[in-house]
Amino acid sequence: MKKVINVPEQVVEEMLQGMVLAHPQYVKRVEGFEVLVRANKPESSKVALVSGGGSGHEPSHAGFVGRGMLDGAVAGAVFTSPTPDQVYEAVKAVDNGKGVLLIIKNYSGDVMNFEMAIEMANADGITVDKVIVNDDVAVENSTWTIGRRGIAGTVLVHKIAGAKAETGADLAEVKRIADKVINNVRSMGMALDSCTVPAAGKPSFVLDDNEIEIGMGIHGEPGTHREALRPADEITAHLVDKIIADMPLVVGQEVAVLINGLGATPLMELYIVNRKVATLLQEKGVKIAKTYVGNYMTSLEMAGFSISILKLDDELKELLAAPADTPALVQF
Amino acid sequence: MKKVINVPEQVVEEMLQGMVLAHPQYVKRVEGFEVLVRANKPESSKVALVSGGGSGHEPSHAGFVGRGMLDGAVAGAVFTSPTPDQVYEAVKAVDNGKGVLLIIKNYSGDVMNFEMAIEMANADGITVDKVIVNDDVAVENSTWTIGRRGIAGTVLVHKIAGAKAETGADLAEVKRIADKVINNVRSMGMALDSCTVPAAGKPSFVLDDNEIEIGMGIHGEPGTHREALRPADEITAHLVDKIIADMPLVVGQEVAVLINGLGATPLMELYIVNRKVATLLQEKGVKIAKTYVGNYMTSLEMAGFSISILKLDDELKELLAAPADTPALVQF
Amino acid sequence: MGGYLYEAISAVGETIISNKQMLTDLDAAIGDGDHGINMARGFEAVKIKMQALETENDIGKILKMVGMTLISSVGGAAGPLYGTAFLRAAAPSQGKTQLDVETIGLMLEAAITGIKERGKATRGEKTMLDALEPAYEAFMEGAKADKSVLACLEAASEAAQQGVEFTKTIVATKGRASYLGERSRGHQDPGATSSYIMLQTLVEFLRR
Amino acid sequence: MGGYLYEAISAVGETIISNKQMLTDLDAAIGDGDHGINMARGFEAVKIKMQALETENDIGKILKMVGMTLISSVGGAAGPLYGTAFLRAAAPSQGKTQLDVETIGLMLEAAITGIKERGKATRGEKTMLDALEPAYEAFMEGAKADKSVLACLEAASEAAQQGVEFTKTIVATKGRASYLGERSRGHQDPGATSSYIMLQTLVEFLRR
């Protein structure tokens, strides 16, 4: 394992310190906890947004703490949901009386830990609600499973729900918007190469020189299948097909697109993917209102990418375009 | 070679198309050329900034085209300086009467090709001047060599000279500021793993499982030496030492820091590096006014990073803090 | 017996810590490759917390501490589940300094109920429940037959081991492995495995 | 002879294209691993451009086209250098349809002067000049001794080959390899190599 780290046990702690040292204007530490919150309290009272999950997805989640997005982020061990007490600290740190919304990715561990934190906060009289992001169409949604995984689409939930909270909307409204994003966003990814969890010391999976993994998760979980490496356009078309099969797009529909790098894929390749996505959507008469290309929800040094498509209506479009000022996403 | 591409010969063309499709609000193509310029002409006449070089350094350089930074970017073949005719087209496309400044990284090829473009533009009566960035302290500066390489510090030249041009300053002034940045910025990098040039199809260099390359260039050029992998803090201290040995920092000096990922290094590791850089500088009584952490000047999927330190005075500090609105760097 | 339980839990902790790699490898195949790492981190934390309880005799208090510590240090799915299990097991043993077959039966039942409430899974979904529920049933059969604690736990551990084997034959429908669908078949569940090796450690501990 | 030159340049182009990998590998060792790729791309472009000149007899015009095409398609260091070289070589051959020893000598001289002006390098800095300057000198010695074009070029090519060998013994102080310092020693310079194989191709072409 080749990594620029000191010891595997310290990566999260040292990363958080490095983030605060890099962005003191944006984030500060809740002392004693793996929690970063906004450096400055919002000017007026607003619904507070907390997200989080295992570490290793940087800039998610702490990179999106700031005006127009999150109020706090909880960092678990690498790829491991944070514990309830950590989430609870974040909730306490950001609550300013209008309630707190937890944005959870749909993994058993995350859901259980965040729910336990809600129980703790409720016992304290803090109003906390939650939304669960499940945008990954690689995984069949059936009543027999716990449903789909949450992946890069989560960032669009942060962006849009964050913008809504900034308007002063109440908790129910912010939750409604967050759920609207969740209902309208679909994603799917592929990997060329695995990541290596520092504490594990070896790759989570091993692919042959010519093999790719389709529909893997962002924690090195295996995907739907493996296949031979194909040209970018074919892989892209396959992922877009899967997304559109699940969420049909009519002519004239406006969408936002997120081409998300998983950590080790050069921006050059992400743009090559975007070229095909945009072309396919344009051919279908779909209008792309906004495109993000970059590393938003990574999987350590995994090589690969995911595509997210979000159906927009006027409300979502306006909120997506609203200003944001965070370490990893600035818009104005 | 595992890459999300179609054919090696088309990567630059398809990437440029993908960029324009992703960011039509920022960039447009100069038809028939590997040149992207601002989608909208600046409101008032200003000195135009053009940068460029080989492709494979994304988001450099086209990712920095926009208000407050560059006016145009020229994309050569992967890691290969663009040809003079391409640079010349960029110059013609962005010139609006106040002259054009070329920001060139100090490589024989880049310097020669850009200089030939200047000759072509001058013959046309366009005023063009140049600055040459040479921030890499890995390479000894001696009268016997062509001097140091230009690496990630170039992005800070784009940012600050771009902000100066936005004030309406004349060409000589903008060049003075650009040179001031160049004189005050030093960088050095290390690699854990090589990149692979698509057309070459195999890694530019091969490191053992426990071996790192110190001071390599951003085109897969070998560095000063190889050594065994060490803890992040030790590697970081070594690079900072080399930078400071070349550019001493006195107590109270203000600086900007850029922790630049080379493509495949997770943000987690870059923040771990930043933690050490910030700590070392603070111990020396140096004040960090601004920190950037992320992939700014990459080397395809090379694993590794570089550290850049820029000494600030009031003038540079103010220009660094000025707004920028580009695909890869937004500040307000 | 408080000190005895203290040692039993230390033994369980050592087993988990020394099987860190094995549990992680199992999880890498069908999950995200962190089960061993998470559990080991949890029991390292338990080790430290336990030092303060060396003279504690109340078994319920010790188990509660273990549960709370696991909840706040393991994370992932296993943290809330095992944490809840230990917390729930603490209730029937509250104030006790000795354990008999009946109490242990109640503790196992409470633990399993806690896991089911927290995780909303049932047997057959390729989780730790596929080790724990058969283990509980075997334990209770032993109890009905008036067997010793050791004999009951031996039966439980054997049933858990068979449960682990059974998880190889089924498809996961809960937990991270459920995303794999058919691809999860043929692999043994890491959580069921950690449950089994904990029980087996208790057996070996009692045999000493 | 225009057609003759046309074929000679085609032969040079084929040599470069078929040595793409070798030149790239040499560059990977001490540079950025693109010399063969760049040169091959340039001569592919020349091939296409040349189709329009198949009936052109003016050697100067053909060489000018080659130079312009290399400048606008090779990039890197080699593009401006070889491009300038061909452009400069075009001047003495302007209007000519045949080449003699004297003209070729002037062409070589002009090309080398162009490379030096553009690249500001001198012999001994581990560049293409270490092949080209000895080649020029050997050519001129042959010329002084009234040798044939072929004999002069044979001497030039041999000297270039020795120049390539010489580049292995020295440290680069120009070009990308100069960043390597001492580490560049022991490796042969890719640009010197491409210069040599171009000259050698001319020799082989004339021998046919």
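Letters are used for the chains, namely A, B, C and D, taken in the order the chains are written, and counting of residues starts over at 1 for each.
To be clear about the criterion, a residue touches a chain if its C-beta (ideal position, glycine included) is under 8 Å from a C-beta of that chain, and two chains touch if they have at least 3 such contacts.
From a predicted model like this one, the values you see are computed outputs, not experimental measurements.
The minimal number of chain-to-chain contact steps leading from chain A to chain D is 2. Look at where the CA atoms of chain A average out and do the same for chain B: the two points lie 28 Å apart. Centre-to-centre separation between chain C and chain D, using Cα means, comes to 75 Å. Centroids built from CA atoms put chain D at 32 Å from chain B. Centre-to-centre separation between chain B and chain C, using Cα means, comes to 54 Å. Residue positions of chain B touching 2 or more other chains: none. The set of touching chain pairs reads A-B, A-C, B-D, using the touch definition from the header. Every residue of chain B that touches chain A in the complex is listed here, in rising order: 2-7, 11, 14-19, 21-23, 55-56, 58-59, 63, 192-193, 209-210, 212, 229, 231-233, 235, 257, 259, 263-276, 278-279, 288, 291-295, 298, 300-301, 303-305, 325, 327-328, 330-332.
Only residues 24, 28-34, 37-38, 41, 71-81, 118-119, 173-176, 178-181, 183 of chain D touch chain B when the two sit together in their complex. Interface residues of chain B, counted against chain D in their complex, comprise 54, 76-86, 107-109, 112-113, 116, 138-140, 144-146, 149, 197, 199-200, 204-205, 217, 219-222, 224-225.
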